[in-house]
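Each structure below is given as structure tokens.
What follows is subunit A paired twice: with subunit B in the first complex and subunit C in the second.
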Partner chain A sequence: MLVYREKDNLIYKLHPVTVMSYIAVVLLLSLIFSHPVYLLVLFFAVGAVIIASGNADKWKYYLLMASGIVVMIILVNSVFVQNGSTVLFYGPAIPVMGKIKVTLEAVCFSAAMGIRLVVIISVFCLYTYAVHPDKVLKLFSRFGKKAVLVVTLATRLFPLMVQDVRRVTEVQRCRGVKLDTGSLRQRLKNRLPVVKVVLLSSLERSMQIAESMHARGYGSGPRSFYSRDLWRPRDFFVLGALVVSVMTGLAAVFHDWAVFTYYPRLENMNFKELNAALIEMLALSLPAFLNWGWKRWQLLKLKI
Partner chain B sequence: MKNIYWTLILAVTGLLLVLSVLPVGVNWALFSAVIIGLAVLTFFWRFEKKGAASKEIALIATMASFAAVSRIPFAAVMSIQPTTFIVMITGYVFGVQEGFMVGAAAALVSNFFLGQGPWTPWQMFSWGLCGASAALLGSKLKGFKLLPFTVLAFCWGYLFGWIMNLWHWVGFVYPLTLKTFTAAYMASFPFDTLHALGNIIFSFLLGKSFYQVLKRFKNKMFVSYLDQNQL
Partner chain C sequence: MAVIKIKNLTYYYPDIQKPALDNINMEILDGQFVLLAGSSGCGKSSLVRAICGLIPGFYGGTYGGSIIIDHDEVKHMERCELVKNVGMVFQDPESQLVMTCVEEELAFGLENMGLPNNLMKRRIMEVSSALGLSGCLHNYIPELSGGQKQKVALASVLVMQPEVLILDEPTSQLDPVAGEEILTLVKRLNEENGITVILVEQRLERCFHLADRVLVMEKGCIACDDIPQETARWAVRNESSFIPPLAKLFAGVNASSIPLTVKQGKQILIPYTHFPEIKRKKAPGKKQRKIQGKSLVDVHNLWFSYSNGKEVLKNINLKINPGDFTVIMGENAAGKSTFLKNINGLLKPGRGQVRVSGWDTKKVSVEELAPVCGYLSQDPNDYLFLDSVEQELSYTLDNLGLPDDGIIDDVMNKLQLTPYAESNPRDLSAGERQRVALASILVAKPELLLLDEPTRGLDYQLKEELGNIMKQLQAEGTAVIIITHDVEFAAEYAENIVLMAEGSIIAQGSKHEMLTGSTFYSPQLSKLFNNIIDGVVTLEQGKEALVKLMDSGENAVSG
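Presenting the complex of A and B:
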């Protein structure tokens, strides 16, 4: 059920805190940057890490899905946003909106927003495929004992209930209930008993879970917890790079390097402002570099 | 400790709102995500503060998972799904905190399998509020009243979409004007209508029976032992 698959490379061997920090930093930077070059840098860095983690084939589908939304964003922005001084062409007159003008500024802005969306979707692709949900939940179990237990239990119950649904559906089919033929109303009506049966059996099971928890002494005293994940040098390298990239990113935003003015007229691209982007690129693709060395250099693999 | 936490949450939210009025480069996508995250955390915090009850935890996990799974059998029939309805009926029977937790956990868990995204906190918040509001309705009424419940479910079809529109609007649209706002909300209208209609259908078809099942279960869950002298 879970799409996560353990793979043999450095990205999977990082501490969950490190990977989560990486994802958080890229998310934060993608939201505070508006300069197209800086956004592209984020895209390439995340892309390098995803490829290093061996999930390029999955990433393709995410990019495909994202490109559809990006096209929609560009269309909506360039049609509805009438700001901007460089008019590319005038569209037809629409009753309520009046005459539509498509401006260069609106197209550029929406393209940059498109890159931002692609970065965000890619970083969530990395999260979905490279981080085990249980490891993340364990991190938080120190702070939220009950809430995390609820989510962990529900995550475990999900595949179980999917099996239940399949089983009950099959039984209904064997009994001659028509689930796939007939009118829409008929099909809906025939599927309702499946939900009811699954609800009843799940509630019974929840009672058993509660009794089992009770028997094991849940809530009888202060709760103990342990962590099996090790901190290794590689985590400190990556965390150090993250600190550098956050510092550079904030500096770039405060100096207006990573901020781009789209309206009313596109700002001139100043190449001096792009130095910080290079640092960002190097710092954020460090996991990919480390993985490359990890694969080819036995000594490095031993040391980190 | 509790007061410090409340003050902190209010202070951060207030600070962000004050910052947003000032003419500096405001990042609405970031601000709104922080505010929504704090709102969800507050509910979680309240839930943590209540004593540990194994039955309650097992029930919330089960209902959250059930709400997430219920997307599957109907996906083949049409695009409507009973998740909102299940979260609401759970809140209606069990109470505000349970309702919110079931909604939030259902969103989080189903996204573990369907894919996490920036929409996750927003979904957690919206579905959580579905459950919490149904619980408020349930505390006012005695027994299961189909009409008020269905009206609320219908409203949530639209409200859910409207809350979810916000993240899309603040994140990827510029300028944030009334015009683009209306455009974004017009675009989602058909989907919201479908959601609202689905909620009505499920409330009519499953409302009464689910209420009875959950009510019976609630009675079974909370067993209290009386002292012998009281008998």
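Presenting the complex of A and C:
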């Protein structure tokens, strides 16, 4: 089922192009930055926007899931990557690899990659809970009309198929079919009729949907596009901040400020190189700041 | 101005030898409200599909004759032109909505017409506010109720501003309240906007009075085309089922005028109610059966909550004896289906106990209960997946480990399925599919039969057949429990009525107690005789009461 639920805050009142641009920029920067401070900036900025959108409770579950993966990455990377010169401790000898050494560099590198993963997962959390899938599809419908319609139909029909499976399973059980007992092979065999009924019903339903589309003139001529999304000053502020963020990010990568050398030895952190990170933080947190002001000052709400 | 002229229309579906439409000739004037009735497979849907160009455009097949809308022949019209003239709302709301959001759904047809954005906004605003959908424009369609979905389907056609609105059984999948709302909306559109309406409908008691003209189809031909009153007389003369109970009652006793609504019926009866000796006589009702011994179903203090914590059944107590015919009624989400699933073991009671044929449903699985307790869900298609009717029946026997001691032939014979034994069930009509699904349950000779909304989408004739089958099973000692919104069906065939609301049984008793004197849960005939003769529920009782009333009135006048 659709998890998107519109809430009364500024993040939900942004134009879909703005939100999608924000998501794209954070994704891009998370892939080109390797400096842990820059990656942490992305994490805090996205986190601030998710909290501002009122989805902190959902984000918590994403973070829990991500933290498990991060621990795994650190463990695997530290054990299997033998690069790095600062040995923290030596482990036992294992076949092929020899004596295991855990280095500070390997731990730091995997921790930074872990932050990158958490940023990416958080961005998907924001996309799932704060962006209406129809609006995103609508953005792309000008370019791939049929493909977008197929995706929309699949989104529309999926809950129906889930209901069908549930209902048909009940019907089969009432006809004496044992779906939960017997060998795996037997259980799979007993479930085949459920699949068959659902497929047959879905085929009939798709014919009916096609008929309804035909009756409403689908494919009868060139289509136009319906859109009620409005551009407001807030969108231009956020898009402006995103432009600043991308420019700063590219400059930081170009000047190696956002690039960090982990191996063979961790490079020294130059705090002057972190000025760009501060700009990134401010630019990418702007939606959260705007939301904060939007909720507190009626005048700001009226103006943006 | 949309005048539809149909001349010598004949149509054959691809690879079918029998014509679906056989030499149809008729004319529908601008602004008329035409009701199209007839049995399943008689050609109603084919006719309306031909008018909106789906036949032959979508279906192919062989087409003869012509349909002319405003001087243009449908088969020569561009599709984008045709959709501006004729809009069609289909039977199942689930199978006609394309998008996930209401606003996008309304825009879909307009986008296909290539309209500019501003015009689309205006039309969507107008239609959504007229149909009361403004508040849910951004809602996710799968989360809407059935009634709201059908309203969205209607709105998505109306935004295209068609001059002719065709509705193919738009209320068959809806509960009575939602169905009533759709029909009222359609009537309003017809009266206030002058839109020509062609309505295909099975529940004639809901819409007979709305129509200016009723067409009855039989075997691809138009058998009757007249005003509703005359159609009622024709139906009685020709023993046709396609007539609502009220009109059938008066036409059946050759009354001089045929009422279409209860109000009109009461006005006709007013002169007869002035005689004090007639007033408030009690109609003869059947005596309640007295049952000795143990109950087949014993529900004691049943409470049930779903895993999300929602409490759906609260303190239910009910006893069902062998040979009982009980109908459970109540609004949507009253817990009726959940109750049925607690009886057949699909759901287990949270508190309390359900015993079926002595088995505690908590301690046995659904599969173990299946030979005792047959269950027919709302959609018969859920049962059909094998290549022949006979295989469907033997599938149940194989699963339950029961022998075929001639029961397959017996059941097929009883449900008139023998000619279709080798046919693919999915190729059969709606009524036949339902009989196959029912047969696949009955081969296990269950002592208890549970049916969830079995009359949904069935025409009068099929309902009559279903009712008679249930009566026959009841006479053989099978206990029948049916969930239905169909008061007329319950009045005609049931014995006991259970009324549920908010997860509790709020009243139960014989149909004569339960279906009389109620404002909404009463059949048309009960409403008609309310405060005149008490206890009238079935058509037979109604006829008896009306004849007596008229005779007494005449005797009083002559005396």
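By our rule, the second predicted complex is superposed on the first by the 304 of 304 C-alpha atoms of A that agree within 3 Å, B and C clash if a C-alpha of one lies under 4 Å from a C-alpha of the other, contacts with A are read in each partner's own complex, and residues count from 1 in each chain.
The rule we apply is simple: contacts are C-beta pairs under 8 Å (C-beta built on N, C-alpha and C of every residue); 3 or more make two chains touch, one makes a residue touch a chain.
For clarity, every value in this text was computed on a predicted model and none was experimentally measured.
**Student:** Answer with first, second, both or neither: which of subunit B and subunit C does A:Arg175 touch in the superposed model?
**Tutor:** Once the two structures are laid over each other on A, A:Arg175 reaches subunit C alone.
**Student:** With both structures fitted on chain A, tell me whether subunit B or subunit C touches more of subunit A's residues.
**Tutor:** After superposition, B is the partner touching more of subunit A.
**Student:** In the overlay, answer first, second, both or neither for which of subunit B and subunit C A:Arg142 touches.
**Tutor:** Neither subunit B nor subunit C is touched by A:Arg142.
**Student:** Just to be sure I read the superposition right, which of the two partners does A:Lys303 touch: subunit B = first, subunit C = second, or both, or neither?
**Tutor:** neither
**Student:** Check the residue A:Arg191 against both partner chains and state whether it touches subunit B (first), subunit C (second), both, or neither.
**Tutor:** After superposing on A, A:Arg191 lies in contact with subunit B but is clear of subunit C.
**Student:** Where does A:Leu153 make contact in the superposed view: on subunit B (first), on subunit C (second), on both, or on neither?
**Tutor:** Both subunit B and subunit C are touched by A:Leu153.
**Student:** Which holds for A:Glu6: it touches subunit B only (first), subunit C only (second), both, or neither?
**Tutor:** The second partner, subunit C, only.
**Student:** Contacts for A:Tyr127 in the overlay, against subunit B (first) and subunit C (second): which applies, first, second, both or neither?
**Tutor:** First partner only, subunit B.
**Student:** Per the contact definition in the header, classify A:Phe80: touching subunit B only (first), subunit C only (second), both, or neither.
**Tutor:** first
**Student:** Using the touch definition from the top, say if A:Arg167 reaches subunit B (first), subunit C (second), both or neither.
**Tutor:** So A:Arg167 only meets subunit C here.
**Student:** Do subunit B and subunit C touch any of the same residues on subunit A, and if so, which?
**Tutor:** Overlap of subunit B and subunit C footprints on subunit A: residues 1-2, 133, 149, 153, 155, 160, 164, 196, 200, 205, 209-211, 213-214, 218-219.
**Student:** Which residues of subunit C touch subunit A in the complex?
**Tutor:** Subunit C residues touching subunit A: 52, 54, 57-58, 78-80, 83, 87-88, 90, 92, 94-101, 103-104, 107-117, 120-121, 124, 138, 140-143, 156-157, 160, 341, 344, 346, 366-367, 370-371, 373-375, 377, 379, 381-385, 395-396, 399-401, 426, 440-441, 444.
**Student:** Quick check on the complex: what are the subunit A residues that touch subunit C?
**Tutor:** 1-2, 4, 6, 132-134, 138, 149, 152-153, 155-156, 159-160, 164, 167-168, 170-171, 173-178, 193, 196-197, 200-201, 204-205, 208-228
**Student:** For the complex, give me every residue of subunit B touching subunit A.
**Tutor:** Residues 25, 27, 29-30, 33, 44, 47-48, 50-55, 57-62, 64-66, 68-70, 72-74, 76-78, 82, 101, 105-106, 108-110, 112-113, 115-118, 171-175, 179-180, 183-184, 187, 201, 205-206, 209-210, 213-214, 217, 220-221.
**Student:** Which of the residues in subunit A end up touching subunit B in this complex?
**Tutor:** 1-3, 27-28, 31-32, 73, 76-77, 80-81, 83, 109, 113, 116-117, 120-121, 124, 127-128, 133, 144-147, 149-151, 153-155, 157-158, 160-162, 164-165, 169, 180, 184, 187-189, 191-192, 194-196, 198-200, 202-203, 205-207, 209-211, 213-214, 218-219, 259, 262-263
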